[in-house]
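Labels for the chains are A, B and C, by order of writing; each one numbers its residues from 1.
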Amino acid sequence: MKPILDVQKVKKYFPVERGAIFRKVAGQIKAVDNISFSIVPGETLALVGESGCGKSTVGRLILNLLPVTGGTIFFSGIPLEEMDRSQRKIYRSAVQAVFQDPMSSLSPRMRIREIIAEGLVINQSLSRNEIDSKIQQVLDQVGLPQDAIKHYPHEFSGGQRQRIAIARALIVDPKLIILDEAVSALDVSIQAQIVNLLRDLQREFHLSYLFIAHSLGTVRYISDRIGVMYLGSLVEIGPAEEIFTNLHHPYTRALIDAAMPSHPDFVREDVVLAGEVPSALNVPEGCRFNTRCPFAKDVCRQVEPEMFEIGPGHFTACHMLDGAPEAGFFLN
Amino acid sequence: MLTSFLNAGKWLWHLYVKRRFPLFAVSTIVSFFALALFGENLSPFPPNQVDLGARFSPPFWQEGGSIAHFLGTDGLGRDILSRIMIGARNSCIVAIFSLFLGGFLGTVIGIVSGYFGGIVDGILMRMGDATIAFPIILLAILLSIILGPSLLNVVAALGLVLWARYARVIRGEVLSLKERDFVALARVAGASDLRIMVKHILPNIYNTLLVLLTLQVGWVIIVEAALSFMGAGLPGPDPVWGSMVAKGRQYVTSAWWVPFMPGMAIAIVCLSFNMLGDWLREVLDPRMRQVE
Amino acid sequence: MTQPLLKVTDLKTQFRTKWGLVKAVDGVSFHVKHGETFGIVGESGSGKSVTSLSIMRLIPQPAGRIVSGAIELDGLNLLELSEKEMRDYRGGKIGMILQDPLSSLNPLFTIGSQIIEGLRIHTSLKGRSLKERAIDLLRRVHIPSPAMRMKDWPHLLSGGMRQRVVGAISISCEPELLIADEPTTALDATIQLQYLNLLKRIQKETRLSIIFVTHDLGAVAYLCHRAAVMYAGRIVETATVKDLFDKPAHPYTIGLLNSMQKVEKKADHIESIKGQPPNLKNLPIGCSFAPRCDQVKDICKEKYPEETELGADHLVRCWVVKKEAVKIK
């Protein structure tokens, strides 16, 4: 299948400036460093990683909220920067977003009707009646009462606000929705509601999701493929179950082992990845994980590993490809 | 009808008791506006009526004072109460127009500066700093000397000085607002910069603006009084609070009420607006609203 | 049986707000044994944090007030102490770790001086031995090169390191009880695991009791011995962690466990709890979970359930309680 979104060798560096009057660029924060992946219609790709790994930046680059430093993002085969006016207009409806904080993502002074209709009002010329019937439709789809349109965001609970945010994205018939930690801020019982809603909507409208998250439980439930990011670059990407059961990168292992167990019987003692993520201002030479990796050899400290295909659609960037690390291999 | 009346009563009671509604300040402000509108009809004497027989009549409670001249008379026997009542109009006009001008300029510049940032922000904010750093009274006097004293010029002078105060606060607010996710989502939806500024950012600074405006009313009335005091204010025979103080100051030892009464009027009105502003700031504080 | 270290009986904490009285904690009773980790699980607004703040008597005044109840530490009711006596307990016999490590440390003092500050108040150590003790504490919370770190400012440390420093301060006076209110929520997964292991190790070494407040059932499974599930200001179920996961009795606990998104196995479908979280200003008469419960009966809407004992250490407040084990999908 032809990918709907194709991210090719994308980089995003933020310059760090020093000096009060004469600004000098003192360094580069490599938030995203040479990332490639693609998403086909109807699929969910999850990007996981710890804070500062650049996963949210990738989402903002795709949404065109930030310019890329290098590389290209293709949508339906067309590079983003080469789009003309009409293609841009299509792109703006086709790619939507739902963010983490439902408090901050809805204008506090707008009524729900206005919030949901914004994308329509800007991009399409519809009559009031047509807009109203579309709003009615999406409110039904996300499970909100019809009289919600008259109210303001602060009158709703967190889960309902996230439904509003989803309705707002849904109304313009998107192809791809960037879900940036879209359920992380919600209570456990509400999280399940929203994740199920997202799954139902995906089936109904054949949507693609880029699901940016740090909670592996949710990711395992919702995604078809998973990309694991560390310090601005992908260390492993592949089919979701492969990543959980047949993973190769030591960092993927560490991340999965660090997830909280769902039952006291699953508790493994003393499975610890030592150390902390280095600063993105000072990415380690060679493999960026070498400072924390218990297997690091000399080659890891000198040569940056490239992505190798180790199974169908399963890529990883590690010099130590001989065997997959077993669960709990970080035993102290 | 009765129930709605009762509800309104309940609401007022709630405002007064639970939220410490500044009743004194608001009644002062209401009478200030009433005087500005109907001063001529309410004043006991025409403000410029000279009565040399009743020169320096003291306020009614002092020996020699009369109830007719409630707050006494000045050196030409003009009734001070009437002159204060009529003078309210000029103060009010100056306050409203200069605040409107300054508030408008400040809001526009503050939003543009905060939203676009970079060099635009740098230039606009340095201009603002320069305006604030410059002694404001001197600036207003200069302007009114260059342009000649008139109502319009006083308003222009005050407005041009005021904008920077608004712009600075509003820019700060915009800086944090534009990082909020709803602005990012609006941009994703393809909203233009103008739409984002008007529909998404502006409504969220109304509260700040309202508080700022109220807090500045007192300031404007004082500065206008100071301008009049120094002869750079409103021209003409009609009374102005500031110039009443100015012209009365030579009698401060012999007939203290001549400068004191208009000075008191200025103080009370300023205090009231500041009290209202403080109250609004508390009531409109988003942290207190978001709980619900 | 020996006496528990902490015994909380019928604790009620209320807040006066503009919209009326909010019963944030409404009749909570539980106990914590010596050397045990007791979890308090709940969603936002369940009253779990207010409960832990009440034990420290740190409810924001004057809006909040502990209305009734008793909090007994080693048989002594903390609610009857004077403010001055209570100050000796805080940071002395009771240590505390809060969610946000940045705001728990004063940015204007080095971390060394902040640790020494607590030691000076609560112990009789002086001079060099103070400093040595502080370095030793940093070593115990696994901060690399602790002697050098003493002179660092809080902003120079990462979130995980800062939370370790807070941990070092909270155990500095050898407390008998440590209250940890969502200590790892702001931390990344691998750092969270490091921190939880640290708590485990400290507990093993010192036999202190921990109250672990969290919204994450997984962390409860990982760390706690017993746990209480809170909903709308009340404890709906208390049990050993094993019982809580194997034999949950309250429909809310069952719902929470069912809606957990498990990392160990891909689920085909996850059941969620219907409805919205409770509004504390407007709670229903009877059981507060009734509007969201799928087994609701008439009595649930009329009377708040009494406590039922299902076994040793297993208490539940529900009218339709399940006596037999419920299979969690």
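We take it that a residue touches a chain if its C-beta (ideal position, glycine included) is under 8 Å from a C-beta of that chain, and two chains touch if they have at least 3 such contacts.
All of these numbers come straight from a predicted model, not from anything done at the bench.
**Student:** What chain pair has the highest count of contacting C-beta pairs?
**Tutor:** A-C
**Student:** Among all other chains, pick the one whose mean CA position is farthest from the mean CA position of chain A.
**Tutor:** It is B.
**Student:** Whole-Å distance, chain A centre to chain C centre, using C-alpha means?
**Tutor:** 31
**Student:** Find the geometric centre of each of chain B and chain C from their Cα atoms only, then give the gap between the two centres in Å, rounded to an integer.
**Tutor:** Going by mean C-alpha positions, chain B sits 52 Å from chain C.
**Student:** Give me the residue numbers in chain B that touch at least two other chains, ranges are fine.
**Tutor:** Residue numbers touching two or more other chains: 292.
**Student:** So in the complex, which bits of chain C are touching chain A?
**Tutor:** Chain C reaches chain A through residues 43-44, 158, 160-161, 188-194, 197, 215-219, 221-222, 241-242, 245, 255-256, 258-267, 269-274, 276-277.
**Student:** Can you name the residues of chain A that touch chain B in the complex?
**Tutor:** My answer: residues 60, 63-65, 88-89, 92, 95-97, 99-101, 103-110, 118-119, 122-123, 154-155, 165, 168, 172.
**Student:** In the complex, go through chain B and note every residue touching chain A.
**Tutor:** These residues of chain B touch chain A: 180-182, 184-191, 195, 199-200, 203-204, 206, 286, 289-290, 292.
**Student:** Once bound in the complex, which stretches of chain A touch chain C?
**Tutor:** Residue list for chain A touching chain C: 50-51, 157-160, 187-193, 195-196, 214-218, 220-221, 240-241, 244, 254-267, 270-274, 276-277.
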